[in-house]
Amino acid sequence: MNLLNLVLVLPLAGFLLTMILPKNNASLIRLFSLVLSLAIFVLSLGLTSPFFQSGNGNWFVTDVPWIQSPEIRYHVGVDGLSIWLVILSTLLTPISILVSWKHIDKRVKEFHAFMLLLEFGLIGVFVAWDLFLFYVFWEVCLVPMYFLIGVWGHERRIYAAVKFFLYTMAGSVLMLAAMIYLYNKANTFDYTNLVDLIQRGRLSFTGLEQMLLFLAFFLAFAIKVPLFPLHTWLPDAHVEAPTAGSIMLAAVMLKMGTYSIVRFCLPLFPQAARECAPWIVILALIGIVYGALVALVQPNMKKLVAYSSVSHLGFVILGTFSFNQAGLDGAVYQMLNHGISTGALFMLVGFMYERTHTLEIKDYGGVSTPAPWLSTVFLITTLASIGLPTLNNFIGEFLVLQGSAYVSITWTAIAALGVILSACYMLWLYQRAFMGETNEHLKGHMHDINPRELAAAIPLLILMVWMGTYTKTFLPSISAANARILEQSKAGIEMKVDAQNNKTARLNQSAPTGDQPNVR
Amino acid sequence: MSDNFMPSAVEIMRFMPEIILILVGTIIMVFEPLVDVKRKSALGFVALLGLVGAASATFRAMDNPGPAFQAMLMVDGFANFFRLLVIGVGILTIVASFAYLKREHAESGEYFALILFSIAGQGVMVTANELIMLFIGLEISSIASYVLAGYLRDDKRNNEAALKYFLLGSFATAFLLYGVAWIYGATGTTNLTEIRRVLTNRDLAPAIGLVGTSAALIFVGLAFKVSAAPFQVWAPDVYQGAPAPVSAFLSAGPKAAAFAIFLRVFFTAFEPIADKWQPVIWVSALATMIIGNFAALLQTNIKRLLAYSSIAHAGYVMVAIATHSQIGAAAVMFYMVAYAFMNIGAFAVVTHFSRQGERYVDTDDLAGLGVRQPVTAALLSIFLLSLIGVPLTGGFFGKFYIFKAALDANLVWLTVLGLLNSAVAAYYYLRIIVVMYFREPGESTVDLQPLSPGVLAVLWGSAVATLILGIYPSIVLDFAGKSAALVK
Amino acid sequence: MPTTVPLTWYLILSAILFGLGVAGFLFRRNIITVFMSIELMLNAVNLSFISFSYKWRQVDGHIFSFFVMVVAAAEAAVGLAIILTVFKNRSTLAIDEVNSLKN
Amino acid sequence: MNDQQLWLIPALPLAGFLINGLFGKKFPNILVSIIAVASVLGSFAWVLKTLGALGDLEHAHVEHYLTWIQSGPVNIGVDLAVDRLTAVMLLVVTGIGSLIHIYAVGYMSHEGGYYRFFAYLNLFMFFMLTLVMGANFLLLFVGWEGVGLCSYLLIGFYILKKSAGDAAKKAFVVNRVGDFGFSLAMFLIMVQFGSLDFQKVFEAVKPLPVDQTPGILTAIALLLFVGAAGKSAQVPLYVWLPDAMEGPTPVSALIHAATMVTAGVYMTARAAVIFQHSPLAMDVVATVGLITAVMAATIGLTQYDIKKVFAYSTVSQLGYMFIACGVGAFSAGIYHVVTHAFFKALLFLGAGSVIHALSGEQDLRHMGGLAKKIPITFAVLACAWVAIAGVPPFAGFFSKDEILLAAHHHAPWMYWVGVITAGMTAFYVSRAMFMCFFGSYRGHHHPHESPFVMWGPLAVLAVLSLAGGWYFKVPHYLEPVFPVAEGHHDETLVYISVAAGVIGIGLAALMYLIKPGLPDTISGALGPIYKLVYNKYFVDEVYDATIVNPMVAGSRGVLWRIFDAGIIDGIVNGTAVVARTVGGGLRLLQSGNIRSYAAWVTLGCVVVLLALGVMSGGVK
């Protein structure tokens, strides 16, 4: 029972315990789940320790058989790629619970139970080293989020919840098919084994095979990301979800997609990944600009932030499919950044909603006069999300753009447009909501941020600055993990370099892991 | 054929479960008049005893598997697996029925007796190694279930269901029988292994067209019983019309037995012409899935919805049969177990919820159940999620093994289409969850009684079983895998 | 040597009978008649059983036909009972009027 | 060798920002101002100490603190560096900065959000200092974006005014457009040279022969200039600066006159090596500078808002600086940065003092005759006046002279345009002065002289504007950085430019003192042209019509409503509809009629028979 298993099991235990707590004693349930999730967070911090000694490798590995036929193993562990996402999940769960303290007053018990179940699923997704196990956790995340949206959401919650569920389901069944196919071919679900087999050429696919498998996986992930044009579930889900739901959804759940792409699509199907890269990147670039433009004209704050997510995650995809160190590091870093800044944005919007029960921007205005601190926090978060240097997003965006620049400066240029636009929509939002004369019907209930809310916000603010200024804490371990993934996905290429058409060959050279800047 | 027709003790032992069931059934029938009206449910417990006895007899039979009665029966692991399954179904059905019968003022011995007979028939089906035995078992099971379907004599829906089931059932059986006649004519035997031997033997082998025809006719009969397209038409009406617990029974017991003989006949007797029947089943499977899932999308009557869903699930199982492989057979066996639990669980909730005269059988009636009876709603959600095929439930592994087998057999397209189907299916199951949790309670839940102990037991039992199958499927799967080996 | 009716004739006859049974089921409107056409089908099958068993010089076929008769009898018993209840509830034997369960 | 603790220079204002920002709300104003001013003075002092310790900075003095970003080839350190160029900028920034802080204490005394103002101001100092001290492009970029942020915050300081909010947003976004270019340039540099450190990059560039340098260098240079144009308000990105005057006057003085807007010039000078390798880029820089100088000057002629006049003057002067860079006289450019900082800061603060005196009045038409009412302000403004008009031997004269000579050396026509611009400059400043201080008072407020805290700093600046020119020989000091573009010092050219200035003043005097009616008749005579200029060539309107509105409308109408909600979601929901219709169709199989069911069974039977029986029969 190593630390990781503990961190993984506790939420599940919490879920079951919450289920048997007396349903009428709301405050007890709240307190219990808060304390538990905090404890989990503290424990999960322990997981980071090995990465400060040596950034590399898998740690806290447990590998025991679960099911004999087909051979499915309970194989979990963390590496530099997953560790921070685990931390992100464990951090945001208590924050979400704290945020919902007053906001959630009906079916308190179920709510917190689902929050913990969700945490369980999320952690699981990030630590699973067995494809099947991964799939199980992937689906497990689906159920609690479905209920969170459906039960505690707003008016059109049912539509949103079902749309969310079916969208994801449609993607994941294909992934399941691909997984089984993979198993029948390789006779193992174990990620490390699979990669190893591919490395040593024991397991190879025909071009078509690999392409189809890649697409099956990628589709499932792209829906979760969401990659344009598969994004339309996101705005609905976000607008209708309760604050906590939006936070978890934006901050962590979307990362399931991006993480999985990095973790599985690159090493398992390197060639297909490279062949598709140009098209995927085009979609990502469209997403970046498109998301920003659509966000620009949203009348609803949550929708605005939701579309901004589409734009932000475009960067992650762009970085990932640049196939070089900088791009990949940036992508992963950007996952965390987006988790923090967008999570914070949804949280703050949630605070405002609690006060005024509206999400329409036009109903706000001049908030900064009655609520100066709230608006300060909001401003800082805004600046973080528009990539102001010394705040977290800047690092991610810089690395992603730098990485893409190694491949094509045109990509970089288009993506950089997104950076301009992000300033447009966020600052416009800030101006309309917070500056100017205070809106009449805000008077009275637009009181300033309270200690509880501040307590929820502070950690995120600290992280924004920390990740923006002292990247040494996070970047080395991420780099190490990414370097390995790049190595694997390159090795795959070398193996069938002959079967490679020149396009991917070009991509392959002009996207070095960085070691030689290509002076033309 | 040995000239000594007296069965040996061993053979009797192998046949003991059916004997017990028949005896107990008869006893119940005989002694019913002596039992006071208020105590009829006591007979139910007698029936339960009988089932338990049969189960233990089955375990005994497992110790020394082998043929019985001039190899008319084949009591192998495969048979015993399904025996236990149908017996289990019987137990769950009876336990779930007490409250229902009391509610409908229809407690009587024959109900239990009929269930026992039907199960006995299914026992004969799954052990049958010979087409006539198969036919007889089928009829025993069917005739009993015809009556069960129309159990509430004065209920219009009940006896309409019964009539449809009866007429169409015997209609289809006639085809099956005709097929039997033809294969007998073609090969001179009705013993499955014999048939196989003849078909594989070059110089004895009859005209392939002849064999194909009889195979087709038999396929009709069996496909009808498992409600596979295009012979699924009866299922929705019957399941909707029959009493809820009976629908549960029909969708689990007879169906499982029918699939068992499906496997036996097509994997044993018609194995030599597999390449011929495989495509037929391929098509039938796809059609079944599509019809079941899409037609279910618009259903508002829960029983009917579950009926269509059971058609869809039959489709998935057909996929496994289409693989024509041992792991395919194992997948079928596992699936039938998982399906039995989740489906009976779901029907049990309907039984409980529908109230006197089954007034509340609309999905919208469930509105707010999540608030009024959280436990019921939670358990039903587990069954529904399992029917969707969400991991950590039996339903998921059922699908998983089926599609794994399918991909093994290179049925890639069937797999993809099947999985997409299951995504479609998610929609109508989710709708029930939506209604239960996301809608405010309506008047339909006002006078809802707490769960009766019987139903409660069934719900918890099935729920736990569903989860166990979802978390540790090996328990059943290994058994299935070993047994499936004995099919040929 | 006495000329015997060839086997195929019996088979064709039974096929015809079976077909008639099916046709009867499809086209007759009275439940009883429909039921009887099922019986017809079963007996058509019996005929082919007998003839086949003649072909194979076996008794099995005859035994089968006895089984079938027994089963048919049982079916008849149950079936008529069901039909009776239907008649009691709807006071009609028109098969097309028994269609309240649909879609 | 981190012996100089350079980090203290930016750190002090940062500390001031943090203290005031977090706790200032509770502090009394006096404490806030002490913290703010002290922090800036502190870093000024530290600059002096450092420079003293470093002696003559023949080579840059670099201090490495920590690795900021390390990912594959990308390795960015937090390194601060001081060389002569930086030294000049440091002195200007901290020196002028301190003065303006002091001035603000008086100017803002009656404003709300006092602590907020000073917090922002300190934050600005922090970023500005990071900008000038950063030893690599990324750090420069950090300061670059940072000052942009502060200018955003300070322009929008009067949060209740919508116009302030708009101006702030405009400033930030337009700057972002510039930064777009800057960042692209950075990425290219990284790809090309594998580093962003000034030393490494420039070392790599220097050896490349100028004549056949790879076009990539031109691209880099041009992109850098896009950034510079954004920050330093050059055509076509100058539009934000005039609006920026929405901010409090000290802000206009500090950020939008003395320091931030010159960051572009600084950056160009810093990257001189790259620019020198791309003649094309150089020409672009010079031309854009020239256009800007003229265009802004013309607009300046017609404005009535005193701050707007000076704002356009700033734009125009920045144009001058870029002309200098463009023609290769970087040192002259920096020289002008310095002198301009002196007199333009003075002009703004003076204007502020006037506005303060008239309690908020900014329109020249409501002023006049203030010379007697607020003599000190008048006196100090007069110094700035002569300085900017290029009257020898005052500050403006020297730097402008350097630039014009260099321009003439490069291309005579540039010189002449420059001269005309100089004339216009002299004219509009004089115009403002006359309208403000001479004639009779046309306003209705009761002017009162500003307190010492305000005119104290003004006095200092006045001295600098008068003497700063010949006292600080910046070009000479910068020689190690920029070898002076040699060129015979032609007296006549100097006389001409001076003459232009004098003529400008004379004209102004004629029009606004002697014949007050003249301006209207002239503007009447010019008619449409005057309108065009008066309305700033309708540039803002054009931008709105061609970029802003189409973008918003398109996003809303097409992308969101039609594409997103319509097409994509349409498809998604469409599939659902299709599925339901199929389902509806299938339900119809279930007519409920037994015989139809039997028909289905029979049909199915026939099909299967065909499939299995006949087909397989055929197969055989």
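Going by the order they are written in, the chains are A, B, C and D; count residues from 1 in each one.
The criterion applied here is as follows: contacts are C-beta pairs under 8 Å (C-beta built on N, C-alpha and C of every residue); 3 or more make two chains touch, one makes a residue touch a chain.
What you see is a predicted model; the values in this text were computed from it and never measured.
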Chain occupying the most central position, where position means C-alpha average: A
By count of C-beta pairs in contact, the leading pair of chains: A-D
Centroid spacing, where centroids are CA-atom means, of chain B and chain D in whole angstrom: 78
Distance from the mean Cα position of chain B to that of chain A, given in whole angstrom: 44
Between chain C and chain A, distance of the C-alpha-averaged centres to the nearest whole Å: 66
For chain B paired with chain C, centre-to-centre distance based on mean C-alpha positions, whole Å: 26
Two or more partner chains touched - positions in chain B: 163-164, 167, 171, 236-237, 427
Residues of chain A whose C-beta touches two or more other chains: none
Interface hub residues of chain D, defined as touching at least two other chains: 587, 590, 592, 594, 598
Every chain pair in contact, whichever chains are involved: A-B, A-D, B-C, B-D, C-D
Interfacial residue positions of chain B with respect to chain C in the complex: 132, 135-136, 139, 143, 146-147, 150, 153-154, 156-157, 159-164, 166-167, 170-171, 174, 177-178, 180-182, 184-185, 188, 190, 236-237, 240-241
Contact footprint of chain C on chain D as seen in their complex: 587-588, 590-595, 598-599, 602
Residues on chain D engaged by chain A in the complex (per definition of touch): 66-74, 138, 141-142, 145-146, 149, 152, 156, 159-162, 164-166, 168-169, 172-173, 176-177, 179-180, 183-184, 187-188, 190-194, 214, 216, 551-552, 554-556, 559-560, 564, 568-569, 572
Touching residues (chain side chain C, partner chain D) in the complex: 22, 25-27, 29, 34, 95-96, 98-103
Chain D to chain B touching residues, read off their complex: 576, 579-580, 582-584, 586-587, 589-590, 592, 594, 597-598, 600-601, 603-605, 607-609, 611-620
